[in-house]
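A, B, C and D label the chains in the order they appear, each numbered from 1.
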């Protein structure tokens, strides 16, 4: 089975402005990019660089005036999903050094504030079972309400408001995982099943490999909407600040976005 | 010339608690560690891992009861300092991919909010001259007041309060640099000249190499206290959340710290 | 001269929800309400109560389904404006007790953080001249950008972002006035000259009466758009949290608003 | 039975600084002040004004150098406590106008964010029973940890951290009450039973009078420490920002405080 993606978005900068784009499906062992085509309005500069953790690429533009992006890709994910509650946590001192940054507080995820809370609310669970319990708690207590959050909303805000969109669900899960001493990163993706269809956000948590030979990043979707086996990953970061589809270093007006994600046999 | 460091600190965990320590001088081309000795109370676990950007090491402990740390080292820094205002910025699209994370918002540094402000306050300056202007502005407008900030104080808080300690000065400089599209990271160090002597914090900004062969990280101290040529770097991160000398994943009571830094010929 | 106001807005509550409305022009010595007509969709409850400081009225509704409000009024303001910089401050211990609450921090106005900043930026000015200096500073440094703020934006946020709408301009002025130990309150009004026409927000500051017989509340508009002599005041509060045109105690969907304000001879 | 109070505190201002003090027991129908004596270092100004809601008094000083305050009082509280869960809420539109400000968001109590949460967590309860449920929930889920909060800690911060002191317990209760459309104010008091003895903070909520003749303010202590029948009230406000024992409008260094509260037959 493959997933076809069609992405369109546009923005306008009145002054020449550096912008960083990340919207293309990453080439990864767990997903083959069968084809991809990307059209971007000509701009003064254009450069591709490896994105966070070498997953996917970022594109630098120097934008002036209207910029329009159109992207079409076909991807074949062949991701093996493990039942989360069968996976152990690694002891903190066994974590690979490069995963430790994903235990730290970030822009939207102030995890240290939640240490007492996770021990009280999720005591008796560990590792993958803890993550499953957190995911189910969020799913039970939150309402998916488009428009209920904005670019400054933190996981703490969402936690008390009990509303949000995929970005907020992912932030809360990442935060509660880190507060449980389990590395967690934010993942931008395209996923079948998301309604309304848009860029989607999930989390990955670092748990012991089922074979006991180290650790692996496991996907989790607190919204429950995404078909995780067939999600097409774009990139990862500490939180949404790292993997926005467009990050502007100056005044920018967002014009539109339109995303289509379809599976085909 | 060499720098002798003597560090002592202690903390207590009533329950077994994972703690991450980072207090040792990093081995780097710009500073030779001539000798080092580290005594830590025996704990259930002990592991060393590479720290952020492979600069220095973090130590994992599983702490229970009192933990005491004593560290002595002698370091010979041989850092070449360039006058900041002679250094150009790299164009964003020429930045190495791994520096881009240091343009992003982090826990304490919400740089995107400051984009208009830096253009208004520091217009007419670029690159190293911009950084020098920011450093001087902070130095002119801030008072160094021990006790005026705490572990939740952000760069935004400090910016309006115009008070803080080295941590806060570094956060504000990092934030205004990132808002100027110049990568900036937070640096923990030991530095001669700091009064009262304590763990010190400075920033590094990524600017064009004077030889024009790429970019380099340049140290900046908005407090003006540190002898930067002879500072002994411990580690780096997006902000203070990444390079605390002790990060606890559970309840921890801090007991004491005592730092001595002396130069000898 | 009189001012004609035509206000229309609507909102929808799926569940029965208590809502507090404040949109009518207040009856005040400085403005005569010549005529007023108010049509509101029938709701389960309806009660009028005096609003903050007995200025204007609030309306309680128990809303279910669509609520539509239409209001027409003609008002004759006859407000005497004093040049701000001719007015002295009252010494704090001479302030009437009821004005002291307007020195305190509120939801959107964390004034205490700005005490050092106002002394540094506006030193050499006092009383009305201090307020005029603050007003002019905001006017010079801020851009009026509809959509650049939201219901959670604080004066601190706006101060660093240097953008906002009338609400944000008023919050920053109120905050810097309080940090200068001058009582300041937030004022909702209808004002000729506002573009785009909408509910408008200004501030009032408490300064010595020109006759030296106590103190008076003086209007200030940091946006510079409003014709203050002819503004029709609705109500006052510590900040926008107190005088929203609709405050909902449960889920509410805002549908539309349309405001017209015209002067006639 | 009477309560004897002995209060001592001191602070230092290097520059002449306006300071507002509120530490004396209020004269109220529910508590007779049998005797009171107050010694304050001579300062350039001294004025008493009625405090918030005419409960107690505030003292203005113009402080320079060391200020020392000593206060002794004997108070006879004769407060009738009703079991909270026997009291109904007033319908919002039956609330007296002057109580409505205590439904609004304030500096430390952003109640609107918690509307969904209170409906989910405390559904099935109303009025006094809702308040009792909130009080018991806080008591069950929070740890009283001196030093775990500071002057910038909000109810939202405390809610996720699940730690705090009396100030934080009161803020969370006030916030969850307002989110339930029940007016709630913050109360500074001296209370027997508090350990360690200090200025204490409780909340008051506005509920229907048991005789059905309107509403009354009922005391609630989420910490469970205070003997509410014998607490001696100092003053009220929207939150701690309004009733600090010392509020400084300029740089101030706090030196010490010592509080003794004893009951005698």
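The rule is short, and it goes like this: contacts are C-beta pairs under 8 Å (C-beta built on N, C-alpha and C of every residue); 3 or more make two chains touch, one makes a residue touch a chain.
Computed from a prediction, not measured in an experiment: that's the story for all the values here.
**Student:** Among all the other chains, which ones are in touch with both subunit B and subunit D?
**Tutor:** Chains touching both subunit B and subunit D: A, C.
**Student:** Given a C-alpha superposition of subunit A onto subunit B, how large is the rotation in degrees, taken in steps of 5?
**Tutor:** The superposition gives an angle of 180 degrees.
**Student:** Go ahead and note the Å separation of the Cα centroids belonging to subunit C and subunit D.
**Tutor:** Here subunit C and subunit D have centroids separated by 28 Å.
**Student:** How far is the middle of subunit B from the middle of subunit C, if each middle is the mean of its Cα atoms, in Å?
**Tutor:** 44
**Student:** Whole-Å distance, subunit A centre to subunit C centre, using C-alpha means?
**Tutor:** A distance of 41 Å separates the two centres.
**Student:** Of all the residues in subunit D, which ones touch at least 2 other chains?
**Tutor:** 116, 157
**Student:** Any idea which subunit B residues touch subunit A in the complex?
**Tutor:** 18, 20, 45-47, 49-52, 58, 60-62, 91-98, 100-101, 103-107, 110, 115-116, 119, 181, 237-238, 241-242, 247, 249-251
**Student:** Which of the residues in subunit A come into contact with subunit D in the complex?
**Tutor:** Those in contact with subunit D are residues 113-114, 116-117, 120, 141, 143, 156-157, 159-163.
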